[in-house]
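Structures follow.
Next come two complexes built around chain A: one with chain B, the other with chain C.
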Partner chain A sequence: MFYREAGQFQTNYVSDAAIFPLREDRIGLGAIILGAYCLAFLGNDFLLQAVLIPFLVFSLAAIGLNILTGYTGLLSLGTGAFMGVGAYACYKLTTLFPGVNIVVWILASGFFSAAVGVLFGLPSLRIKGFYLAVATLAAQFFLQWCFIRIPWLVNYNVSGAIETPLRTLFGIPIVGATATPQARYLVVLTIVVALTWFASNLVHGRIGRTWIAVRDMDLAAELMGIRLLQTKLLAFAVSSFYCGVAGALLVFLWYGSAENDVFDINQSFFILFMVIIGGLGSLIGSFFGAALIYIIPIALSFGLPLILSPFGISIGADTIEHLRFMIVGGLIIFFLIVEPHGLARLWQIAKQKLRVWPYPY
Partner chain B sequence: MDILFKIFIEPFIFMAEAPDLLVQTLWEGFVSGALYALIALGFVLIFKASGVFNFAQGIMVVFAALILVGLYEKGVPAYLALLLAVAAMFVLAVAVERVVLRPLVNQPDIILFMATFGLTYFLIGLGELIFGGSPREMITGPLYLPQGTTELEMFGGVVRLQHLDMAAAVIVAVMIGVLALLFSKTRIGRALRAVADSHKAALSVGITLNQIWVIVWFAAGIVALVAGIMWGARSGVSFALQVIALKALPVLILGGFTSIPGAIIGGLIIGVGEKLGEFYWGPLVGGGIETWLAYAIALLFLLYRPQGLFGEKIIERI
Partner chain C sequence: MAVQVEEKLNAFRLKKLLCGAILSLPLLSSAPSAAEEQIYVPYFTYRTGPFSAQGSYVADGLRDYMEMLNERDGGIGGVKILVDECETAYDTKKGIECYEAVKGKQPVVISPWTTGTALAIVPRAAVDKIPVLSMAHGLSASADGNVFPWIFNPPNTYWDGLAMIIRYIGDQEGGLESLKGKRIGYLYLDGGFGKEPIPLLEELSKSIGFDLKQYPVAPQEMQNQAAQWLGIRRDRPDYIVLFGWGAMNPTALKEASRAGFPADKIVSIWWPSEDDARSVGEAGKGFKVLNWHGVGSDFPAIQDIDRLLVETGKSNATKEKLGAVLYNRGVYNSVLVAESIRNAQQLTGKKVISPEDMRRGIETLNITAERWKEIGLEGFAGPIQLSCSDHNGHRSAFIQQWDGEKWVRSSDDIEPMPDLVMPLISAAAKEYAERNTGWPQRTEPCDNP
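Here is the complex of A and B:
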């Protein structure tokens, strides 16, 4: 009823090539972003700190992996390590140059992660598929070993952990113990929105098309004049950049301090699950996937006791954790069977239904 | 220059000076290599017959060992528990075929690979839910696994050989021999090879694909059970064993995904290389390099032979 394209005509090529050709889509997107900013002032601290900030951070990491796996077709199991590179780089930078604004360093740490990503992406010209997935596992184990064994990375802290110092933006503390969840949330939201907008432009443009060509058939892409190595390495670089920024945000704006096991292989797997469940090759899917994977444990730990307590069954925290593993595993298989394109495809179908409503076709 | 000396000269001098330590290291590398090969074998079986890269092989190792130990702790006799663990692996094989493989037939490889990720997490959750997550001792005594050590005197030193390790080497050799016979001499083996060559051709001569899948997953389950018993006896049964299964991945890429001899030789190269590297070169960088050395070795090999040592060279056409 409200979601109609009738009466909207494209009269020039620019509007024809727009990412959101429908006026309703543009309004909807604007409303969502505006609503997200309003949440900073409406939501309570728990909602911001424990739900929205991690959701946004993981969405950013999922976008990073989606660029590599979903758009370029290179399977990576080393996401956690690339996030770690971003976090450790940001820590070194901000302690070496405390005068420079932390937001600059958070973004700059992405470049360190990108450089490391390119290094581990180099074998991708010769090896592909599962072999490459195992090669990225090498990155995961090697980098995590570096985080443990090189005390220089944490400024020789005896605890071996990153401890975030106090940093401000416009005089308001955003990093450190005194920062309010509102301030952190606004910074995370702004960075995620900006980077998502950038990624959207990237994947809809020439570069994104070369990535998709490589994904769909790399030999054909090469014959069409796409240089494989450059394209794949660029995908590794951009993907690692996003993961690195997500890692820096994770430690500096959410955890406050972190040890190396935050960036272990399970982190890599969970980001991969977000991408699979959300939808390979879809930016909005990254958000959906992150929401689902991240909300499952919260929903379980609050919902299950609520449902079961009237029946006199008490349920332990560890049981919930085990159920979470089973549910995530089951969901992955379920999604792969029922909808291999993930939640993003369901979203598309829902929009299509709305467009033709009340007629089914 | 000093660092070059430490890397390229000193370890070899050390090896020559204390050959007994070298033999000890080589033996330990050989045993863990044999066990890596056993885990890798499970992967190869499934990959050959169905083209599925089974990431869940590692958790199957833990799961099988956990069922065995868990049932024994509940009062089931050891050999009955072993039988029940085998039965559980069969149930798992049937369930995987019904629930995961059959609906996903004809999907791209990567989708099937990710489905085994889902299976991995499901099995982790299920195992912890039923048996709890705490580490356990493997029941070596009731299963009559040999214990104790033999001390051999050689080169003026003593080399210690655990009986358990010797038994592991023998069991792995027997396992591989049985599987080789199964593959080459029996009707089922011929069917498996046919399926590995071409699904469609195998179907058209009347080989039931679903049955074959159950058989290979069951065989991989038994291989996982044996690997779980042997690894469990060495380092306890816990979910940390998964890391060992991840070690089997470099073994695979070294040997090639489709080759049983590749899995064996790859396993031995990785096992020996890892132990030598950790013992002689590890201290230079602060130790603990075992976690990634296997991957580094495999990656170096891949740059020269992208299909692994014995893998099939894939010719792409357009």
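Here is the complex of A and C:
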């Protein structure tokens, strides 16, 4: 009724190829972005600092991995390490050149991560699937070894951790202890929205089509004239860029300090789960996946005591933690049984149903 | 006429009062903690995750002492303590989530219990004005109260611990000078916690003249130390200093017996528990560990916990767990918190104290031997006194040895080497403040210079 395309005609190729051809979609997206910015002023510190900022950071990392695994079909287990490269690069850059604005360095650190990603992406021409996963696993272990063993990376800090100094944007602190959650959130949101917009244009354009062609059948793609090495390396570069920026955001705008174990293999799996649950080859799926894996456990730890206390059941913090694992695990299995293509596919089906409602055919 | 005006005015005042009362109702109901007069003490615990075997002992000790005070004395100074646990699973991510979750509820003190979380919240604590008690862990440099007015890490730092271990090894060999030419191995968890003492160790190796060999163990490789022990077999160190946590400690003991390295030549920092030593059987006999408080349940206060909580089923702990080394460490942490609350109440004359009052309370903390006796823990630990500049105390510790069944105290009190450690701490604190540009100067007034 409200969501239908009747009366909206495409009269030229540009509008036909638009990412959001429906007016309702464009309005909806605008409303979501506007709402996200409004949350900065409506939400409390906990919502911003412990829920939304991590959610956006993980979404960005999931987009990065999705470009590689979902769009190009190259399985990677090195996401955590590539995030680490971004974080350590940003730390070195901002301590070496404190005069340059931190936002510039956060984005620039992505290029360091991209370069490292390309290096470890080189085997992808010869191997794929599980073999490539093992090659990226090597990246994970090698890079984490570097984070521990090269004291230059942490400016010879005794505890081996990176600590974020005070940095401002337009005179307002955005990095460091005095930065308010509002300021941090606005910066993270803006960067994530801008990079998502960029990724969206990338995957819907010529480059994205070559990636998808390589994913679906690399031999056929090669016969069509797509050069495999360049395409795959570009996917590695763009993917690592996104992961690197996410890593820099994680340390500088969320944690405030980090040890090397933040970027361990678990972090890589965490992001991989988000991509699989959210939906391979879908940008919105990256957000869904991050929400399910990161926000649902937090919601449960608040929700479970509220649900159980009217029945006179009080449960300890550790029981909640176990229940969190069980419920999230159960949900993951449930969603994958109901829809193996992830939450993004469910979302797509729901939209399709709405378009033909109330006359399904 | 005047009477009428007066009446009207009174009616107006009454209306105003009523309106005000109605308007403020929702405000009152939204702040029940103020009405019930409670002091909010959150503990970050890990009963799940890779370190849960140690974490649940600590968590039980932390909670039980406070709940015992609630049951026995009705809280502290007539105010009940609202003890709250937040599960971190030893994960920095969840630790920060916990910090954000409790921040708004006026917590008087936060005990992070993981080095990663401690590092992350150290800069925030000064901004949010919440004291952090990272007892004998976290940033060693935060012992300098002039730079870190909100952070406390009594009763000793990792640097103190290492100095005491080296001093003990020296005593075994007949004085520090006799260590010249000896070989000491350093087996450590390759993270912030294990790396922290390295600068001091290197300095000591140079000044005393012993040969230092380092064996780092990556956190994900805690249970696989074959490579490190291959190196130990080759280098044949005279002693091994162990800085481990979790599964790393029993693995080290097992590997030591396989390599034929005597357990009584391994001296560890204070984290190994009964379970770590017990699980390796005979091989653990003779293992030496630094400790600063009593083991066992023969203290009146711990008997009270047994009587009031364990026997009535109000505690998570069982009778056997009571008095275990990590359980008692949790109790020690809670004693520090409880005594600081009492101190802050006396200092300010308030019943329900604020985080700022608590900061002053910890800063002027002074638990004498008599006070230990009063609270039912005579001989449990040495007296401790903090001040504005010294947030640590740098207390002595002793060596306890595993006899195959239990920990037995096997040395006198060993003093740390303050002349060596203090300059390192002030240098590290200065460096920290410089590295974190915009680090605030201390503006907090001082009660106990």
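Please note the rule applied: the second predicted complex is superposed on the first by the 330 of 361 C-alpha atoms of A that agree within 3 Å, B and C clash if a C-alpha of one lies under 4 Å from a C-alpha of the other, contacts with A are read in each partner's own complex, and residues count from 1 in each chain.
In this text, a residue touches a chain if its C-beta (ideal position, glycine included) is under 8 Å from a C-beta of that chain, and two chains touch if they have at least 3 such contacts.
Please read these numbers as outputs of a predicted model, since none were measured by experiment.
Participant: In the superposed arrangement, which partner chain does A:127 touch: chain B (first), chain C (second), both, or neither?
Facilitator: Only chain B; A:127 stays clear of chain C.
Participant: State whether A:159 touches chain B only (first), chain C only (second), both chains, or neither.
Facilitator: second
Participant: Once the shared chain is lined up, is A:45 touching chain B (first), chain C (second), both, or neither of them?
Facilitator: Only chain C is touched by A:45; chain B is not.
Participant: A:28 in the overlay: touching chain B, chain C, both, or neither? Say first, second, both or neither.
Facilitator: Once the two structures are laid over each other on A, A:28 reaches no partner at all.
Participant: Who does A:220 touch here: chain B (first), chain C (second), both, or neither?
Facilitator: In the superposition, A:220 touches chain B alone.
Participant: Using the touch definition from the top, say if A:148 reaches chain B (first), chain C (second), both or neither.
Facilitator: Touch partners of A:148: chain B and chain C.
Participant: In the overlaid three-chain picture, which partner chain does A:262 touch, first (chain B) or second (chain C), both, or neither?
Facilitator: A:262 sits against chain C, while chain B stays out of touch.
Participant: Let me test your reading of the model: by the given contact rule, A:316 touches which partner, first (chain B), second (chain C), both or neither?
Facilitator: second
Participant: Which of the two partners, first being chain B and second being chain C, lies in contact with A:305: first, second, both, or neither?
Facilitator: neither
Participant: So which positions on chain A get touched by both chain B and chain C?
Facilitator: On chain A, the residues that contact chain B in one structure and chain C in the other are 148, 265, 318, 321-322.
Participant: Going by the contact rule set out above, which residues of chain A touch chain B in the complex?
Facilitator: Residues 75, 123, 126-127, 129-131, 133-135, 137-138, 141-142, 144-145, 148-149, 217, 219-220, 223, 265, 269, 272-273, 276, 318-319, 321-333, 336-337, 340.
Participant: Contact residues on chain A for chain C in the complex?
Facilitator: Per the stated touch rule, the residues are 44-46, 49-50, 54, 95, 98, 148, 155, 157-161, 163-166, 173, 176-178, 254-262, 264-265, 298, 301, 316-318, 320-322.
Participant: Give the list of chain C residues in touch with chain A in this complex.
Facilitator: Going by the criterion above, the answer is residues 45, 47-48, 52, 56, 59, 85-87, 89, 92-93, 96-97, 100-101, 103-104, 115-116, 119-120, 122-124, 126-127, 139, 190-192, 195-196, 198-199, 216, 218-220, 316, 428, 432, 435-439.
Participant: Write out the stretch or stretches of chain B touching chain A in their complex.
Facilitator: Residues 53, 99-100, 103-104, 107, 109-111, 113-115, 117-126, 128-129, 133, 246, 249-250, 252-253, 257, 285-289, 291-292, 295-296, 298-299, 302-303, 306, 308, 316, 318 of chain B touch chain A in their complex.
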